[in-house]
Amino acid sequence: MKKVFAREEYCLGCKLCEVYCVTSHSRSKDVVKAHKSEEITPAVIIESGENLSFALQCRHCDDAPCVRACITGAMQKDPETGIVKYDENKCVGCWTCIMTCPYGAVKRDEYNRNIISKCDLCSETGEPACAANCPNNALVYKEQEEEGE
Amino acid sequence: MSLSLKNPEFLIERNYDRCINCQVCERQCANDSHYYDEEMDKMLSKDENCVNCQRCVTLCPANALSIRQYPLEYRKNSNWTGEMINNIYKQAESGGVLLTGMGNPTPKKIYWDHILLNASQVTNPSIDPLREPMELKTFLGRKPGKLEFDENGNPFPLPPQLELDTPIMFSAMSFGSISINACRSLARAATASGIMYNTGEGGLHQDLYQYKENTIVQVASGRFGVHQEYLEAGAAIEIKIGQGAKPGIGGHLPGEKVGDEVSRTRMIPLGTDALSPAPHHDIYSIEDLRQLIYALKEATDYTKPVSVKISAVHNVAAIATGIATAGADIISIDGYRGGTGAAPTLIRDNVGIPIELALAAVDERLRREGLRDQVSLVIGGTIRNSADIVKAIALGADTVYIASAALIAMGCHMCQKCYTGKCNWGIATQQPDLVKRLNPEIGEERLKNLIRGWSLEIKEMLGGMGINAIESLRGNRLMLRGIDLNERELAVLGIKHAGE
Amino acid sequence: MDDKIMSGCGLSGILNKKGKRFSGKDIIQSIALMHDRSNGLGGGFAAYGIYPEHKEYYALHLFYDHQKARNKVENTLEKYFSIKQREEIPTRKVKNISNQPLIWRYFVKPDPNQLESRELTEEEYVVEQVMNVNENIAGAYIFSSGKNMGVFKGVGYPEDIADFFMLEDYEAYLWTAHGRFPTNTPGWWGGAHPFTLLDWSIVHNGEISSYGANKRYIEMHGYKCTMMTDTEVITYLFDLLIRKHKLPIEAVIQAIASPLWSEIERMEPQAQNIAKTIRTVYGSCLLNGPFSIILGHSQGFIALNDRIKLRPLVVAEDEERMYVASEESAIREVCPEPDKIWTPRGGEAVIAQLENAGKGVV
Amino acid sequence: MDYLIIGNSAAGIGGVEGIRKNDPEGKITVVSDEPYHCYSRPLISYFLSGKVDYEKMKYRADDFYQKNNIETRLGTRVRTLKPSGKKVVLETGEVIKYDKLLLATGGLPFVPPVKGSDKENIYTFIKLDDAYRLKDIVETPGKSGSQSAVILGAGLIGLKVAEALAKLGLKVTVVELADRVLSTILDQEAAAIIQKHLEDKGIRFNLADTIEEFAGNKKANTARLKSGFTLDCDLGIVAVGVRPNLELVKDTPLEVNRGILINNQMETSIEDIYASGDVCEGQDMLRGTSGVIPIWPNAYNQGLTAGQNMAGADQSYDECFARNSIGFFGLPMITAGIINPLEEEIDQYEIYRQDSPGDNSYKKIIIKDDRIVGFICINNVDRAGILTGLIKEQKNIADIKDKILNADFGYLSFSEEWRREKLTK
């Protein structure tokens, strides 16, 4: 399946991926409104150190441990798209997925709602917002490489 | 001196209704012009640090930023303009030479803009490049005045030629003055576009040896990074005598830009200034040049054309003739408006002559000497668009060098701060975090697009003239007319005035 | 620097491959059919084989605007040549022809002493003198300078010009003809086609967009473009490539109507190398823009179109004769049922020559 | 192929989904004594406190059985299992034959022999029915505010129910035999933080103590502690642990220790009978011993593995170790693996610890042979899964140990090679 891959050699650490993630998941789809009047936790995790950074999203694992561990059934892998998504209405904020995700790619909602925030590959427009708006192509939306490639 | 008289040059304007405090501007500014104030929960700016590179403006996702000239109005004075006054403040504080970057920004006459092109109407058909072949292939290198055939009817082999798919090349920009990612972008785009890029005088990074077929390696007075393997790593060799932005002086790379890789590539100690001598100390005359040309040819077994690059200076036509007779296969002339990287301000703005006039004079002189069809002529120095290229070729060039345009395609915003090494666009810098900002894949793509777009436009213009091969444009000055030019200018350019 | 003269045209040519001479009637009839392709501002003929009695001599045809010019020219000719015979070219009064200049011809040989001191070949010597007269003597113009051939041209429809020069009385083994449709009105007899240098004569229909490039190239090689016509430049290009550079005719054709790079890429390696090399060296000779030309010379003619065939050209073969014309009808007018008639492709030269062609270019 | 699954919770549903991965056709029957659509057992305390309703309890969508083509016998107990005949007999008398059987009967509350624990108002708390029953009592108008609840056991169940009851306004006291709360998953320091936090929310603790007797008539009204204290007790809950529900297998030759013995393929000692979840006893990968690890993800994973193998696959699940993510009154914690190394082996371990008492944050990472074997994260639980992953992989972290407590510990802390291997696939 197609996923977002980070290329740390080109990551600027500008965090625009966060900005566009928030915007993409807003009601308004407007950068300013999304940030000023909506409360959205970006699903991107940015690791940055000295001269090195990269953005990380849910890897949408084939055999996703978070889906297996989810105690409410909120976390499911869509059999058609392969996207691991969660049902906000079912999530109770038990953080079992956070305990389970080996990438640390699931976040707690930053506005103290007892729900999580994670990448849903918002690809309605053909490409997830983080990758589509990465100014340096440090995030690319592409097919997963086969083993050994 | 506790009080600096220097004023900010630019004013950062932030629309707080739009600013979302994402701090992208702060993270993207190598000059620390933006910062987040926690107490005020607001982004603030330090105008005095701003160089107007537009990085923050471009990346701001909320379109909350704009940058303006700082509204500093000295009393009106045509002699003592604000720029003059500010320069004096700078020098009164530094005691140094005024430095700047990129080409000449002063409002001197741009002859390209006074030359107009022809198009076919009725008596011959214009050609539609979308439907008909339109040929831009160009060969650079020495050609025999006349072709001879052996007893089997095969022509005797020609001296080595560079084959270009379109009459554009990326001009010399050294690794050191520009980043490795900028070099990669240029090399890959040249390869993909079937043209050449030029290493400049900084040697050749190991990663770039693979682009050999599309590389011109430069040999300049500093001889940085020049060795046998380097000479063999290009399709052609260029001896740099001068460059448009700073005729008469050598390239200066400040020690701050001489990091690990640059030091290894140039074969100089880490952190030392790389100062090229003003002249080549083995070339004090035309016969010395001849020796160097043939030394390089010998070293590479006559397999590569040798180019000699000079600045356009007053007696450029005679010098060019001398270069042709000294054995150069390609003559490259750089006009005084051109320039990338760093240069002393006053030299850049006051030394040399416009490339249009230099080109016209050189082409005419070489023809008069019967040499023009034997030697190739490349010009550069503010080629800003495809029409400039068409005009240059019609005036007599074989092909053009572009450098500023290439940098701009890669993201340069002409802030003229190349000499600081803090290029926010990842181009004229060696700082790893900044270098990273230019993804060579994107750089390549943008350059390829530029070359493609310009080539399409050249084809359109050729087609309009009823020509379907670029060689029929070369030196075809009847395709040009001047406007707002006096008799002398028209005579030097060898063109008629519009309406004639 | 004068502007170049633009024109459209009709052209025709007939060669007897056996070298048998025939009167001008056929060529006149053929070109007359294409009356509408010209506008009465220029017509002309080249005829090869018309002066067998003087075939060792260069036949110089001259226009004079006035006697003073003639005196000057004759002084010059006397200095540099030995003149075997001089005479006014016979003409008759024709209704539509007026303002004719003085028209003379001279049969000459270079003065041996002069020739020797100039260290030139005889032909170069003649060319130099032709250029000298045309450039430096006001009111005089040498419009024909070959051996055993001559050009007859002027301002008027071609059939009227033929009538004027009484061409039905001349016999030649090769005739070419031209009717002109210039878009301006120079009103000068020298501007009509054919244009010649030595044996070379060119009739040409077209507009060379590369003129400026070709002109500056040819001028670099010592030619003076005084006429500002495409035809003049084409003539000089042929002269340079064939006579001076001694290129095989195929190479000349490839230089002047080069194959497209896409075609060159598809060629066999040897052919490809030849084509590529020629284009690399002779790019400035490429004639770009619409044209069809007939290059006449003592051994025959070469008919050629621009490489994308923007102007008409038809060729026919019938027994001893080869025909070429802008229109098929102009051939069928004089040869209703040729053995073979075809339209050459763009850039494909048709080389017609005498069967016993030996000397010369081909 | 006829599949029979006994149990309709995590392991049972895992079994269904495991089978369906490999066999979309075979007949599956699910039997459970509980009458409900499969629901999330860990949510019963939320259900009790009213945080979730029944709809939200559902572990899978309403059409789950239909979509997966499952026959259900819900609310029906299995009377007998007859491995020799490959069949079971339901209490209704129905006989169901099977080719492959999954035992996912879960656990039963362990009720210690406390006097009076059989009184009317003394409950256990592991099923939805338990929650319904308690809910009914505490929601009776006018009563809840005055009720006092005594909970025996400060384990996960005890504290979750304590939290729920406290939220409902009850006066809650927890009695625990150990000297700290959550003694199996927390160390002293962490337990103190949690205890303090719960005390701040009004829950009282009697540690290192136990209940001698629930005293009263039909209903208890007092809990008498071993220490001599007495507590008002309108409501008592015994939550000292669960034990495997072995009722169905006790008369079969199935090998059993504390739970049904299984291998990593979830096979029991009898062919074609698999077991998963709280009913069985598997290999703890960290301790190298066999034991019951009654946690939800474990149950599901085992069920999934069993299901796949029942349908012909060859899967094994060998990542069995304790791990819990839980929270009380908004204070989250995640723990995994070996938290409290045995005193005599303590020198084989390296322990990295970080606390910031101000905000209840605490982190402890236990390393053995340069490999993480356990951790506690309190309050700051973000990206704890990376640690879990490192435990699972038994990744040697010798070169990055110094970074392990950094706030920005993540993939950048690793070598580029490892990072690329993990992230570029």
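To keep things simple, chains are lettered A, B, C and D as they appear, and every chain counts its residues starting from 1.
By our rule, a residue touches a chain if its C-beta (ideal position, glycine included) is under 8 Å from a C-beta of that chain, and two chains touch if they have at least 3 such contacts.
Remember, predicted model here, so these are calculated numbers, not experimental data.
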More contacts between chains, A-B or A-D: A-D
Distance between the centres, which are taken as Cα means, of chain D and chain B, whole angstrom: 70
Chain A-chain D separation of Cα centroids, rounded to whole Å: 29
Computed distance of Cα centres, chain B from chain A, in Å: 43
Distance from the mean Cα position of chain C to that of chain A, given in whole angstrom: 79
Two or more partner chains touched - positions in chain B: none
Set of chain D residues in contact with two or more other chains: none
Residues of chain C touching at least two other chains: none
Overall pattern in which the protein chains touch one another (line/ring/star/complete/other): line
Chain-chain contacts as defined at top: A-B, A-D, B-C
Chain B-touching residues of chain A, taken from the complex the two chains share: 9-16, 18-20, 23, 31-32, 35-36, 51, 133, 135-138
Chain B residues within the chain A interface of the complex: 17-18, 20-24, 27-28, 59, 61-62, 432-433, 436-439, 441-442
Chain A contact footprint on chain D (complex, rising order): 10, 14, 40-43, 46, 51-52, 56, 58-61, 296-297, 300-301, 304, 323-327, 330, 332, 334, 336, 381-386, 388-390, 392-393, 408, 410-412, 416, 419, 422-425
Chain C-facing residues of chain B, complex: 120, 123-125, 127, 132-133, 135, 137, 139, 143-144, 146-147, 149, 153-155, 158, 161, 367-368, 370, 372-373, 394, 465-469, 471-479, 496, 500
Complex contact set, residues of chain A against chain D: 5-6, 8, 45, 47-49, 52-54, 56, 59, 65, 68-69, 71-73, 89-90, 92-104, 106-108, 112, 144-145, 147
